[in-house]
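Both complexes shown next keep subunit A, but they swap its partner, so subunit B is in the first and subunit C is in the second.
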Partner chain A sequence: MNKSSSASALRRLMTEYKQLTEGGSPDDMFTAGPISESDFFTWEALISGPKDTPFEGGIFVAKLTFPSDYPLSPFKMKFEPPILHPNVYADGNVCISILHTPGDDPTHYEAASERWSPVQSVEKVILSVISMLAEPNLESGANIDCCKLYRDNKPEYERRVRAMVREQLGL
Partner chain B sequence: MDYSDDDDYNYDSDEIMDGTQDDASSVSEMDEDEDFHIQPTKDKKKSYEIDFDCLEQTAIQDIIRADSEQIISIFNVDASTASLLLRHMGWNKERLIEKYMDNPAQVLEAAGIPSQQPAGPSQPAPIRSNPSTRQATSTVIRRSTRRSTADSKAPVAPLTPVGCLICCDENPASMTSLMCGHNFCSECWAEYLKGKIRDEGECSIKCMAEDCSVLVPDAFIKETCDAAVYSRFEELVLRHFVAHTKNLKYCPAPSCVYTVSCTSAPPSSLTTVVPTVVCKKGHAFCFGCPIEGDHRPLICAVAKLWLQKCHDDSETANWIKSNTKECTKCQSTIEKNGGCNHMTCRKCKHEFCWVCMGPWSEHGTAWYNCNRFDEKSSSEARDTQSKSRISLERYLHYYNRWANHEQSAKLSVELYAKTEKKMEEMQITSSLTWIEVQFARKAVEEVERCRTTLKWTYAMAYYLDRSNAKELFEDNQRDLEKAVEDLSELLETPIDPENIPMLRQKMTDKTVYVQKRNEIMLEDTANGYLEGRWSWNTPVEGIERDEEPASSSA
Partner chain C sequence: MESNTQRSGEPAEQSQDTGLSGAKDPELAKLSRAQLLELNQKFLEETGLETRERALISQRLPMTVLRGEYDGAPTFVRRIDWLESKGYKTVRRSRGDGDCFYRCTSIAFAYVEKVLNAPDVALAVASALSTLEATLPLLKAAGFEPMVYEDFYEVFRSVIEQIVTPDAATGERLTPDILLEAFQEPQASNSIVVYLRLLTSAQIRAAEDDYSAFLFHPDTGEPMGVREFCESFVEAIGREADHVQITALARALKVNVRIAYLDGRGSGDAVEFVEFQNRIDGLESDSSGSNAVVLLYRPGHYDILET
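== the complex of A and B ==
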């Protein structure tokens, strides 16, 4: 990738970071920022589990990795440690339409309008992920076992999610 | 001597070899007409050939230009709009004109063109009425799918109000927007368009703004992108046009730029015609279906059936049927891998005899030994099994031959290389020139072509009903196969400097004979389609079954 595009990516990331720190997130649902001053292309986000879901009370850590041609290409989001959710791969990578470019559609379920476009932002994506935590999309599952569990035995799914939340909090 | 004379099929190779023409005359004939036994003569159309034209890219561009000029003059729009409208309607001019006359605003909006008069770039404010209503409706849709996103949107400050929203440059060199008025800096536009055109191969590109469905007009792309990207874009438009025009097809060979135009093979004719076309570079492909290469003499629908049969695992099921038996009570599939004939189904605990498939209880005291014959219950069970075994054997008979010819055709690259070497050798050891040793290359080409035909005749034979017509077909097939194998063998024979003139004569004659047999095969099958001589043993798309059995020729 050429220099000018990574320079504009850096400028864009700094602006987004500034806005996030100034404005804060709605209802303090998440915080996000670069892990270190020296690398603006790797961020960490702390997301609190949405209310009235089994994820409530949990704090989830996700790593955001930005490509050098950001925002033309979307960033990648990975929960570390991985969380149990139908749309999160077992390794923690998040599968959500807003982070897919219109060209690649691994599951062939998504309308182009739901995909990544350069006017999306970290904030919009994370808010989408939070709403995804509350309402999994079973049509394009990433973790098939979890999809089956969610569909066939929701109480058990919720129990396991709560157990995972407690475990990640070290309770 | 006229090699392409159709009327005399019945001579065989010996007759040709006995032909009285001397060496010199046949050489001169070859030199005059390089392609004499490659291309069937053009003036006489064979019944298995169809009319087609091979077009260069510029010719297609001319057609596109003529179409858009017509639209421009009728609708009084600019070139970009005409192009977007045509692409939106899949290049169907008549439908576009009809719809547009009916309700221009609706067509324009659906095609991603704001209906206002074109305004210069960087004048966003006044031209938003239409897009903004659309945005309002699409926001409602967003709200329902991602509720928390939309709800939480309000309190957050928007990204920088001035400057480019994409790269956050506050003082970009220049800002541009489409008619929807979404302003971004030119650099971001250029990067975005480049990505769409180069990486994603799209020619209908939406505005970068979220939920904006305005399409980027051609003129904007030309202005914003560099020449290489724009020419790629023009190519994409061209491909879009070809893909949406029924009588055009792009040559599927890698990096081939020709387009074939064919009007004599409408979909309804595909049950009687195999529309094989050849582009100017010599790539043969079927105009009627996406199968790669020439699949004459088998019609598209049946060829597709055959490929499907070979590819999907229906044959796995066939294997299971032939090598296993089903529990007569619960129909579980059982493979016997040892032990005695007294079977107990693990699933339903039914006890039966593996040999006669009858219930074990009927065996009385004859333990471990089935000498009972013809119990009705057991013979029925056996019947279904032997039937599927026969059908598997039949399939394998045809498949093995099909696969064999396919394999040989694949190896033809090696054969070419080998023959090339031989040709060099011949040049050295004899007085023949490079042009004069081309007969070997032509033989290889003919063998390859005929193997393709042969390959598909086996698929065809698999689906043909038993009849006299099929027997004649198989006779032709056998003759062709024999001739091809003879020629193949000649190609493999080591070169003896003494015998080169003989070999050359033989090979040339054989090549002509093989070509003749191939033509007969193709001609006969093509005529058969037209006469309705072939009847299939399986339902074929587009062909009514249960007609009276078509029997012709003894």
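== the complex of A and C ==
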């Protein structure tokens, strides 16, 4: 049955990829697709830093890793290189409620926050991550130092994020 | 878990999801709601329901197994005996993972089994398939993309179809053993659970007026909007079903559901049943004269009762 499970995951991933390449993302905020045609279970996403945030001007690279039972289980998302953000672990892994099932609750998300279900998709998750870049969720922080900095000294947080953006762009 | 300082007789804050507030039985009334939940929790832990090791759906087990789990709780034992005296001789346990309602009820397991055992199998299968096919437009109308539900639908449809049409790969028709095997296999089982969750959600969204007055947050008791409720408590995997979801799914699948509430409500040795009645064709009646799918509810968990 594992074989059929990855077959159905593959079918779903190909459909999502097709829709993304045909429709594009709203306002060209991101692109996403398999890194190699030979492996549909590992994708790369390029995300533009949202306007009017310290991330503006940056392009952030994230790796998406899909399980063989996708979309029953969610995928994982990791910024490579890692970015400075309250909801991103130091190793780059993204911590957001939409990538967790209700039973799997590492950071005690609010009960009402959006969870993973097969109704979600790569596009919906990345759009959530983009809005998370603009508005961090301090209730379920992943990078505690960064949460603290954001809360206590927001100008310094913004300065460091801008410095990171410049550094990643090689300026 | 609630604090155990709550005394019996106090109105339980969330009576709709446990039904414990109305306990009139003297023996049960001595227990607080928290103690009852604790008793159930202890049982679930002891029997390994809380672990991932339990089969998603078990073989038929005699009622004595259930009885043995309530050693020291004579009211529960008497009620289990009462169920047995009414012809319910066996129980199939499902894993306590929040998906148990969808897994065992309606069509998922008990329903497919009903179809499999129907006096006129061909009619029952045709009827089940036509009902199932009619659910597709409902999902579309609710705004789900075909990509989201088509594969899950296909898993479910092919299980029912296999009752009369041999599987292309194995050449076998569905037998009770193959059915059990299919439902113990996480991929197939979970695909069907997802389809039923989406269907339940679509049914609630389509008949918003029928349901909107009954949508409350299960933890806070606050009223909720249809979309928010469906996304958080219907579509999301692992979220238990309550009355609203059961009503909606029973309607969408045109299936009758009877639920025996072994949760401390009511008085005496009789177990209270709640009926979710809909029209259904071609299925056999059990000894109680009903063609319903019968479930056993204990706080936080559903199993299947069989005659």
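The rule we apply is simple: the second predicted complex is superposed on the first by the 167 of 171 C-alpha atoms of A that agree within 3 Å, B and C clash if a C-alpha of one lies under 4 Å from a C-alpha of the other, contacts with A are read in each partner's own complex, and residues count from 1 in each chain.
In this text, a residue touches a chain if its C-beta (ideal position, glycine included) is under 8 Å from a C-beta of that chain, and two chains touch if they have at least 3 such contacts.
All of these numbers come straight from a predicted model, not from anything done at the bench.
Trainee: If subunit A is used to align the two complexes, do subunit B and subunit C fit next to each other or clash?
Mentor: clash
Trainee: Is A:Pro26 touching the first partner subunit B, the second partner subunit C, both, or neither of them?
Mentor: first
Trainee: Output check: A:Arg115 vs subunit B and subunit C. Expected answer is one of first, second, both, neither. What do you get?
Mentor: It touches subunit C, and subunit B stays clear.
Trainee: First (subunit B), second (subunit C), both or neither: which does A:Ala134 touch?
Mentor: After superposition on chain A, A:Ala134 lies in contact with subunit B alone.
Trainee: Would you sort A:Thr101 into first (subunit B), second (subunit C), both or neither based on which partner it touches?
Mentor: Both: A:Thr101 reaches subunit B and subunit C.
Trainee: Regarding the shared-chain residue A:Glu123, is it in contact with subunit B (first), subunit C (second), both, or neither?
Mentor: After superposition on chain A, A:Glu123 lies in contact with subunit B alone.
Trainee: Taking the superposition on A as described, I'd like to know which of subunit B and subunit C A:Ile47 touches: first, second, both or neither.
Mentor: Once the two structures are laid over each other on A, A:Ile47 reaches no partner at all.
Trainee: Between subunit B and subunit C, point out the one touching more subunit A residues.
Mentor: Subunit A has more residues touched by B than by the other partner.
Trainee: Of the stretches 3-11, 165-173 or 183-191, which one in subunit C hits subunit B?
Mentor: Of the stretches 3-11, 165-173 or 183-191 of subunit C, only 183-191 runs into subunit B after superposition.
Trainee: Find the residues of subunit A that appear in the contact set with subunit B and again in the contact set with subunit C.
Mentor: In subunit A, positions 4-5, 8, 11-12, 15-16, 19, 69, 71-72, 101-103, 112, 114, 117-119, 121 sit in both the subunit B and subunit C interfaces.
Trainee: Considering the complex alone, what residue numbers of subunit A touch subunit B?
Mentor: Result: residues 4-5, 8-9, 11-12, 14-16, 19, 22-23, 25-27, 29, 50, 69, 71-73, 101-103, 112-114, 117-121, 123-124, 127-128, 130-131, 134 of subunit A touch subunit B.
Trainee: Under the stated contact criterion, what part of subunit B meets subunit A in this complex?
Mentor: Listed in rising order, the residues are 138, 145-149, 152, 155-157, 159-160, 165-169, 187-188, 191-192, 195, 199-200, 202, 206, 208-211.
Trainee: Inside the complex, what are the residues of subunit C that reach subunit A?
Mentor: Against subunit A, the touching part of subunit C is residues 97-98, 144, 147-148, 151-152, 185-188, 190-191, 194, 197-198, 217, 219-220, 228, 231-232, 235-239.
Trainee: Using the touch definition from the top, list the residues of subunit A that touch subunit C in their complex.
Mentor: Its residues touching subunit C are 1-2, 4-5, 8, 11-12, 15-16, 19, 69, 71-72, 101-103, 111-112, 114-119, 121.
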